[in-house]
Amino acid sequence: MRVDDRIPDELRPLIINRHFTKYAPGSVLIQAGNTKVICTASVEESVPPHIKNTGEGWVTAEYSLLPSSTPVRVPRESVRGKVGGRTHEIQRLIGRSLRSVMDLALLKERTIWIDCDVIQADGGTRTAAITGSYVALMDAIRWLKSKDLIKENPVVNSVAAVSVGVVNGVVLLDLCYAEDAAAQVDMNVVMTGDGKFIELQGTGEEYAFDDEQLAAMLRMAKKGISEIVEIQKKALEIPG
Amino acid sequence: MRVDDRIPDELRPLIINRHFTKYAPGSVLIQAGNTKVICTASVEESVPPHIKNTGEGWVTAEYSLLPSSTPVRVPRESVRGKVGGRTHEIQRLIGRSLRSVMDLALLKERTIWIDCDVIQADGGTRTAAITGSYVALMDAIRWLKSKDLIKENPVVNSVAAVSVGVVNGVVLLDLCYAEDAAAQVDMNVVMTGDGKFIELQGTGEEYAFDDEQLAAMLRMAKKGISEIVEIQKKALEIPG
Amino acid sequence: MRVDDRIPDELRPLIINRHFTKYAPGSVLIQAGNTKVICTASVEESVPPHIKNTGEGWVTAEYSLLPSSTPVRVPRESVRGKVGGRTHEIQRLIGRSLRSVMDLALLKERTIWIDCDVIQADGGTRTAAITGSYVALMDAIRWLKSKDLIKENPVVNSVAAVSVGVVNGVVLLDLCYAEDAAAQVDMNVVMTGDGKFIELQGTGEEYAFDDEQLAAMLRMAKKGISEIVEIQKKALEIPG
Amino acid sequence: MRVDDRIPDELRPLIINRHFTKYAPGSVLIQAGNTKVICTASVEESVPPHIKNTGEGWVTAEYSLLPSSTPVRVPRESVRGKVGGRTHEIQRLIGRSLRSVMDLALLKERTIWIDCDVIQADGGTRTAAITGSYVALMDAIRWLKSKDLIKENPVVNSVAAVSVGVVNGVVLLDLCYAEDAAAQVDMNVVMTGDGKFIELQGTGEEYAFDDEQLAAMLRMAKKGISEIVEIQKKALEIPG
Amino acid sequence: MRVDDRIPDELRPLIINRHFTKYAPGSVLIQAGNTKVICTASVEESVPPHIKNTGEGWVTAEYSLLPSSTPVRVPRESVRGKVGGRTHEIQRLIGRSLRSVMDLALLKERTIWIDCDVIQADGGTRTAAITGSYVALMDAIRWLKSKDLIKENPVVNSVAAVSVGVVNGVVLLDLCYAEDAAAQVDMNVVMTGDGKFIELQGTGEEYAFDDEQLAAMLRMAKKGISEIVEIQKKALEIPG
Amino acid sequence: MRVDDRIPDELRPLIINRHFTKYAPGSVLIQAGNTKVICTASVEESVPPHIKNTGEGWVTAEYSLLPSSTPVRVPRESVRGKVGGRTHEIQRLIGRSLRSVMDLALLKERTIWIDCDVIQADGGTRTAAITGSYVALMDAIRWLKSKDLIKENPVVNSVAAVSVGVVNGVVLLDLCYAEDAAAQVDMNVVMTGDGKFIELQGTGEEYAFDDEQLAAMLRMAKKGISEIVEIQKKALEIPG
């Protein structure tokens, strides 16, 4: 049995609240067990220099842990004067994942900023951020359509993410922090709504894994993601 | 009538939720109308160099706007690589206000970090941050006592804050953003629970104000703060 | 009696020397007792982005302590790589105070840079900086008129500042550093030449003050500022 | 046929020169086709704070592109004042990969710094850096043993890395830059000498890949790595 | 004739005022024509890490242009967030020059901070800074002796500096800014009181100079420095 | 006899390899004994703001020590977040030296970036960098001519550099690190191919030198540079 009494291939309770804050066109509070992330999608009517005049739009993500989101307070990156390596890695992953399901030409020359601010961190913040950001992105797209700023939906597929891992030799789904800290393998899987891989990041922690373990982790990730996709769909069924 | 149909000396609805997040000993979500701030109090068993070996503790505050907290997205200070002037000013004010009601010797050599993260900004974020931080601070103090880390309560008075101002020549209480942007005078008042001044910051915006206007603003601030103090008390009545 | 033998409502000797350096159109050395600040006003024929194409001008201030200005050497902010919170607070105050007495449309699309460099610090550097900067600003305005760059004087009122405070329960005017360090209340007051408030910043240092003390401080500030206004006028009587 | 006339599962010519520079105990120039990376291993007799007093050692990596390493000059990160996201990601990957094959307790309280400086970049710089750093690390270990600073070899397995990808629907091994820029899937695989996974990072570039493609890429990566492992062994056969 | 009517080997009027500010043990205002620099010497009872426990002291210098010191305002380095290349070069030169005439063991484990703040810049600021700093240093040494903190004078020789150059093919002494900007060769010479070289920095500005020109410049520099040495001596004759 | 068995006026073996890397139009590996520097010249079709629209080009240099280039690892300046004083000084010297032999109008509005990356440092890195950069610059010029981007050669003279110094009272040519560390005087001399001075930087290290020593050092520098000029010529004789 796991620290929180789940069976190995069981997700934590996943709740997605839309319209969490008022000003961003997309604003989602996603809760995966004790992990809570505010994911917002804001629209800016300009694009970064490297795609100016291509007629295409851009989606970029920023990620941050609130100082009090963890049991031991995390220093603010603004105070340290720079964004750390882990943060860079995560926000690049989120942006890449969302862009991979979009036809950016349909977005036209504008940027959607995804902001993922973790208010409570109990493992799996990056995968929760991806899952929640997809919903916030969809709300921003609906808002753009309602304003007649775009005609066609540039999001051609849905995207969801989950972590899997090996803890004490056992393959587990959706690791909480205590499991993650003890994991021999930690793997983040990002998939489309129709079951293809967008991103796969598996890391042995002073440990190497074999083909069989890899196969078991991928099977479990697929199962988890298919459940998450359903919850995303439900959340988006409510109009507005 | 005001933009949100209040009368001049009427506060916005003020809601204080304790235990908003799980890991910090004090964690408050304060809502003043559409302004929403997460105020947390974390305890660190060390003090900054300038008070080391004095036997006293320290309380320090950090303040941040989430990028999506405003109608136009605010760039992250971590990305800009430095904390801006306005942020510095606000976090110094919050820290000073809380320290002014404390006997830091009773806290002993530890630091309480106050983190104020604005998730929705509609004016009055700094005063809401002070009002909410006091409640988070009290919860951290209770936690310290429950752990037998301190014996006596180092907080010797309560503290609350409100804004007042002059808009189109009329003195108003608790300005929302639209009012603040149009204000001729903007004044933040921080007071103790027993009605004394801790901090007074009044600024004419391309405008100078006279004694009479000052007196009217101070009267209104006192009225507002006495109401806020009651709401703080209520919130803290629930044990735990 | 005070540490420097003044009576409670007595200003320190205040000397304002214009044309202290050669290249800036306005250059003032202001001395308030042992506090000495070089205040210069330089003109730049452009404006910051946020007011571009509004037809208005801008006045902005920077403040710095020379490392050797205090009994214990202050590290340079350029070496620390960032401007500190106190500096930010002060330079925002100086800029705001000067802008509040100006019709920026008459200045046209140009910036006046106010630089306040403290060469000796004995308390009251920010108020001396405001008082001196007003005189430097006036010299820059005269220079602009002499060059036919502006027609009308955009400075519609004079501005001066002074500190007041409560030390050992006694209300004092124009605190020197020793008094400031021991003060229970420290208040900076910025007023127009005709006796209205521009800015009021009162802070209890682990102390709260009541209405009566506030009234006494404001009375004393007004008296001090009326004397400072006369010294500013005298200094500006000399043409050139 | 590929841009450089290779067949799909063919590695680029891989050359590993040891003792490339004189001062670092391990210094390797690795060339994978036109990609050239200097990988050095330096020893420091102290450890970072987070493992102090654990009795364990540490291995950390830094990665940098020389400005002239690419067809269009890359600005120096020292001049930009910060290390970019891509660099962070790569150097974290290198450090993690090497640590995963080490028993850090056997290294004792010292740090091995791995520096990977790319002097010519034609794709696959991060995998070349890992492959070359392993050899530099081994030389540093030999040096430590020759100085009697350690008794047992803390490196318990070898490590090598290669990229695979999907280009125009075809699975390819060891992508050069032109292929990488056009890839639909880009995957970096880090494995131990005995064929287990240490790290797996697969990314769809505006593309999602299925199980079959994943299986094909993994097969090809294993083939490539087994060849690389042989070249590493050869290079290390020469003593000194 | 030169722009300011001097003959080629004529110094600008050189005035050295000691005790310019109050708190630093050494505080000099040096004026070389229109160039004015505040040079102070402050004492700190600790040394930088690299000489800790050597029993020796340290002298280090910082240099800064006040923003208003030049006809076109110079941005503050604290605002730009870093110290520029020219500043680095100058402050390293000042520190090195002073240390070269000192027996740092006699200073014991303390640091003398030299701060050179240019309030008006008309060429030759670095040489004026060296010349003035020597006098400030001597005052700090006298102060240390008066406090019985040192017994012997650690300054074993005097140091002075001057610029020479070639302008329109003519060798000139002590260039003002207009001359410096037009110079083909610009050379800064730092010498001991007894006529030996400490530092020689000659630069052709898109120009190369021959042996003869070098000899003429050195002759002229020596003449100038011997005059400066006399002025330093005079300034230091007054006790206290 | 010297540490490496040279006679006093003997250069270290000097080897200049062109076309060291592939992408930069000029790419040189220069070796002066154990000192090894990669000097590249890259072309950018734009100029820095201060010479925009002058019709002239620009040459600028950057210099960096690879962390493993020295016996004790040097921290990366990108990690420290800023370029140090020594680096600034050296890269300014390299840029100035190259520009002094160029007619920048003939280069037209483009920038040549010189990058000097030291892979092994045994003294004299800055002079080797200048000597090698001249050759890389010439290759970039040839490339520009081959592309018909310029018609005339903007490099009007050659440039080379060497260090001289006084060690234990003896004047030596081309100091290695061990000599440099023990030197009483350290002088870097940059000259044109026809024997004129471009730059002269002599520094007494807690030592002052007299006219005779200066003359001896200059004589020896000239001899060394005339030999270096020959090696540069030889290296450039090979076309392409």
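For the reader, a short list of remarks on this structure follows.
By letter and in written order, the chains are A, B, C, D, E and F; residue numbering begins at 1 in each of them.
We take it that a residue touches a chain if its C-beta (ideal position, glycine included) is under 8 Å from a C-beta of that chain, and two chains touch if they have at least 3 such contacts.
Chain by chain, the UniProt names read as follows: A, B, C, D, E, F = Ribonuclease PH.
Note that the structure is predicted; figures quoted are calculated from it, not measured.
Each step here moves to a touching chain, and the least such steps from subunit C to subunit D number 3.
Taking only C-alpha atoms, you rotate subunit A by 180 degrees to land it on subunit D; that is to the nearest 5. Distance between subunit D and subunit E, defined via averaged C-alpha coordinates, is recorded as 51 Å. Each chain gets one centre point, the mean of its Cα atoms, and the points for subunit E and subunit F are 28 Å apart.
Inter-chain spacing, taken between the CA centroids of subunit A and subunit E, is 59 Å.
One finds 33 Å separating the Cα centroids of subunit D and subunit F.
Residue numbers of subunit B whose C-beta contacts span two or more other chains: 81-83.
Around the closed ring of chain contacts, the path that opens at subunit B and continues to subunit C reads B, C, E, F, D, A.
Taken together, the subunit D residues at the contact with subunit A in this complex read 82-86, 88-89, 91-92, 96, 99-102, 157, 187, 191-192, 195-211, 214, 218. Listed in rising order, the residues of subunit B touching subunit A in the complex are 21-24, 27, 34, 36, 38, 40, 42, 44, 62, 64, 66-71, 73, 76-83, 87, 113, 115, 117, 119-120.
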